[in-house]
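So, here come the structures, one by one.
Okay, so chain A shows up in both of these, paired with chain B first and chain C after.
Presenting the complex of A and B:
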């Protein structure tokens, strides 16, 4: 191996260590401290359980003579997603947040089945800037449009785009990260240089330019252009985890038994990353809703006839509206805050679940 | 050290080239070229065509790209379609306004964030710590633009303590002491809006760093030697927990520069972000392109800076 290659590998190792540290930090961040006191307690909680499972596994089943273990009676480890759910249910704040989220989402999506977007964004010049009253539950905006209806449709649009962008970007980022991390070497090197490049792009500005010059854009193309810049974080995270994971014995065993790379990646590596992927997606969801509402706020998200929560907020850029007509923007502001807080609460609880020492459940 | 820096510089170079290529193609997708806005409708089409030929607008893309890059290296960034003056003049002091805003915000972030993180890490699981942690929780969930609006409403309009728009009072003359004071006064509200939300990451990182470092053996050793508790924290724990934050300094600065779009818009602060939005809405793409290029360049420099700082504070990075 040439000297240069050697150096390169070492650099990569450092990078990996860095990534690991960062990841570890991320994982520990929140409740490391709170758990410090109950740390020993957690340990003692965990130990008897462990012993328990081993005891069940060993005798009885392996009585065949060769000392072979009967695969069927081996206790199965709890799958990652179930640990996440357990943790969320155990954490009362997270559970409460999750229930609020479900209620808001189903209420909004249910109600929009009966509301017509064109009726809500219909301009009524006889009812401009009306405060909340009998006819309009939350008043009207400068175009005489019902704020309540806009709020419902806006929440739906914001949530929809949040889910869509998160789905696309996390999906792509996961595949990209797993491939880079699993294969390593030159492939990883090239793929990560591309990621580095995306990291330094001023993506808000590129999105704004796109929105301006593209003649017709809808929810799908808008989500795609956002996702085109937002997958890199996920890709980096997943790559660093995949690098650690692929060194483990089960991957080697699978390789030795002759499984193809594709099979290993999709049936063995990915299932073991599900926990981290879900956590990452949840935290990204909060961020993406924030980015979308920010873009709509400065007028480069959706057009006014497709309101989002950010569109309602953007009316507050007019001084008169900001100062004297809070009913137009305050509900949207509160909703954004509530949504982001709830999503983050659930995400943080699941992130804690990723570290056995910090689990509550 | 030098070797590491040079190697790192070499990585940035292709990034810069790809960035410029990307923006060149983005620019070619945008409507308008160097003749937009200066053409008299009475000029015959052949004359325009001759002019285009002379300006090299009919050349294949790689020659146009080469000309574009060479022009920029010579400091010619083209003319604004809308304002009909050189782009650099249009950007002019907007750049400095944004730099001041970002620097002021960065100072505030570290000035407020570091003590908060230190206290929260040192006295973890106390009432004070849960207040600070609660604040970071809220801060993570609040979009900057929303917080900025709230600050504007409360401190700008309702209490009337601070100016609500602009970067300087129109009445003061440049160069005087009052001018500087007025500038600072206009900076306070936007900078605090950015900083109070922006510092939550720093607080969280420092807090978890300190809690982790607290249990290290060398801290116990320091205590055993009889080092006073405050010295243990300032000399032994803090220094080691600050490494990731120091390493993020470059990214932080670029993030601040780029993220100021929202705040500049809310406070009508004449900076680069606001100029970008203005030029987009007036379809002045020549200015917008240069701004994107500048932001991209700053981001590359920021990443470079971060890596170099990291190699200084953490020597393991640069040792082969």
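Presenting the complex of A and C:
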């Protein structure tokens, strides 16, 4: 906390003149003195240092309050996004992970603008199973398709699915769970029975059946069918935390202050759940990319002409490829690992930023 | 009727006890079971009782945080409850017991104190800042605390933030639910004195819920003593302290510590007498359900829950 304020004061320093700096320091000391000297009625043990000098230095501040206070001398509020950035920058591992994540994502999404999926997946029987070389940077698979191009497009597809599924399922699950947890009673009962219904459905089977009978599906529809089953976990988790949180007095206080239920849920309750939401979203993002890769790996994700990290990995099911041609599947495996770790590190730093007591920056 | 700011008539708050195979209602916890309170304007009414006696439930029911099973709540002669629900009013505010859980840890002081103002008035950001600074000034917090988070403050300072939030809407009635019981003794007096100052300055009426009789004596003009969801004695503070009639009140008052060393022997003896009387006769003051009897007026203002036979038991 002190570090945080020092940082802030450093930032403000250029703007502040000497007088203001002194004032700021006075306030700082006053609020941090454990004895509450400035508040006690009889300040018997107050040393001259403790006496409220800013009152003399700045008579405006001692006025009646309304309009009498020099607003420019107040410490600036730090906006939430800056706190988030500060936290990520402070945590070197998270910063490193974030840079890697951004580089990979932008590289992949940027490069796919110039790569044609139809060209990449074009079968060339004269160049099958070539090891990495000048023509093919990461070699070719058994169809003579460029592994590097497939990797780029596959990563884009996998990331897009991961983000989409996570966005939809966490977004819906959070709202659903927080409403159920906050209102409780019959509303909670009905809403949770619906969740139970979704949980007993064998969701992998449903997705496999969908993939089998659907003539054509794209990233969006595939994401939607996955999200339709994955929101329930988030909803249950958020509900349980919301139930704990709503018992606290600040929710009661908001009621007595005249805030509506919707306002309390979204401005009071939800900010206190940010930590768990971010952790949940991060884990889900990693998990969803995993589920997609897994489905593709067993052959029920995307077909080979829509590469993803999973389809590349699934080449490893052939013993020959697994043993003698690691260039086909190893880059995809490493990329999955790196992406998961980076997402997790950044998520961890964001979780800390969401909780003022855990911040490092 | 209009001389009382708040009138509570025969308030009952019952909670069902669910159980059995079909989760049916087996019985009720009668947290508050027929409490009537009248608070004159500008006065402080102290609600005292042991833990679990229903004093907090009463306070929360008045402000609308609990459902009301039965009874009526009148504020300025207007009925506040319809059925189970009690209306939330900007003129009734509450100071919470725990200054740690009653402030949202994710909100800055400005957001916390400005919340009620935003709910009822449309104001520009600059006006809000000005108003919040005025309130902080009133409760003795430096302007520098505006953008700080609650965890950066001590317990006493947090309670001041709670008070600032409660008085932000210029309420007429404040329900103070054990506002100092979570604070250590050195800060208690500070907060109490400053609450009294604010009360006088703003002409507030207060329902002061506490279990500390010393605090109540310091703060309140009227006192009601609760036991198991009912009032056992009610009257002006001095009357209650000097002339307690109910055995439960007597024992509570006998338990107040005295700092005068010369009185040690006398106090011990008095406590022993009260203890014996309490153990021998307390059951006579309760009905067959273990609840106090209805209140009976014994003087103009003083009401006691005496057994139906009248004064005989008291003399016994």
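Going forward, the second predicted complex is superposed on the first by the 249 of 361 C-alpha atoms of A that agree within 3 Å, B and C clash if a C-alpha of one lies under 4 Å from a C-alpha of the other, contacts with A are read in each partner's own complex, and residues count from 1 in each chain.
Everything below uses one rule, namely that a contact is a pair of C-beta atoms (placed from the backbone, for glycine too) under 8 Å apart; a residue touches a chain by one contact, two chains touch by 3 or more.
Just so it is clear, the structure is predicted and the values come from calculations on it, not from any experiment.
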Original post:
Does chain B (first) or chain C (second) touch A:206, or do both, or does neither?
Top reply: first
**OP:** Would you sort A:252 into first (chain B), second (chain C), both or neither based on which partner it touches?
**Re:** second
Original post:
Thinking of the overlay built on chain A, is A:290 touched by chain B (first), by chain C (second), by both, or by neither?
Top reply: first
Subject >> Touched partner set for A:196, first chain B, second chain C, both or neither >> reply: first
**OP:** Based on the superposed arrangement, let me know which partner A:298 touches: chain B (first), chain C (second), both, or neither?
**Re:** first
**OP:** Using the superposition on chain A described above, determine whether A:99 touches chain B (first), chain C (second), both, or neither.
**Re:** neither
Original post:
After lining up the shared chain so the two structures overlap, which partner does A:187 touch, if you call chain B first and chain C second: first, second, both or neither?
Top reply: neither
**OP:** Kindly list the residues of chain A that each of chain B and chain C touches, one partner per complex.
**Re:** 28, 30, 34, 36
Original post:
Quick one: in the complex, what on chain A touches chain B?
Top reply: 7, 10, 14, 18, 21-22, 25, 28-30, 32-34, 36-37, 193, 196-197, 199-202, 204-206, 208-209, 212-213, 286, 290, 293-294, 297-300, 313, 316-317, 319, 322-323, 329, 333, 336-337, 340-341, 344
Original post:
What residues on chain A touch chain C, complex-wise?
Top reply: 1, 24, 27-28, 30-31, 34, 36, 38-41, 61, 64-67, 69, 71, 73-78, 248-250, 252-259, 263, 268, 271-272, 274, 356-357
Original post:
Which residues, counting only chain B, touch chain A once they are in their complex?
Top reply: 11, 14-15, 18-19, 22, 26, 29-31, 121, 124-125, 129, 137-138, 140-146, 149-150, 152-153, 157-158, 164, 204-205, 207-209, 211-212, 244, 254, 258, 261-262, 265-266, 276-277, 280-281, 283, 285, 288, 291-292, 295-296, 299-300, 302-303, 316-317, 320
**OP:** Report the residues of chain C in contact with chain A in the complex, numbered from low to high.
**Re:** 60, 63-65, 88, 90, 92-94, 96-98, 101-108, 110, 115-116, 119-120, 126, 129-131, 133-138, 140-149, 151-154, 156-157, 160, 162, 165, 169, 187, 190, 193
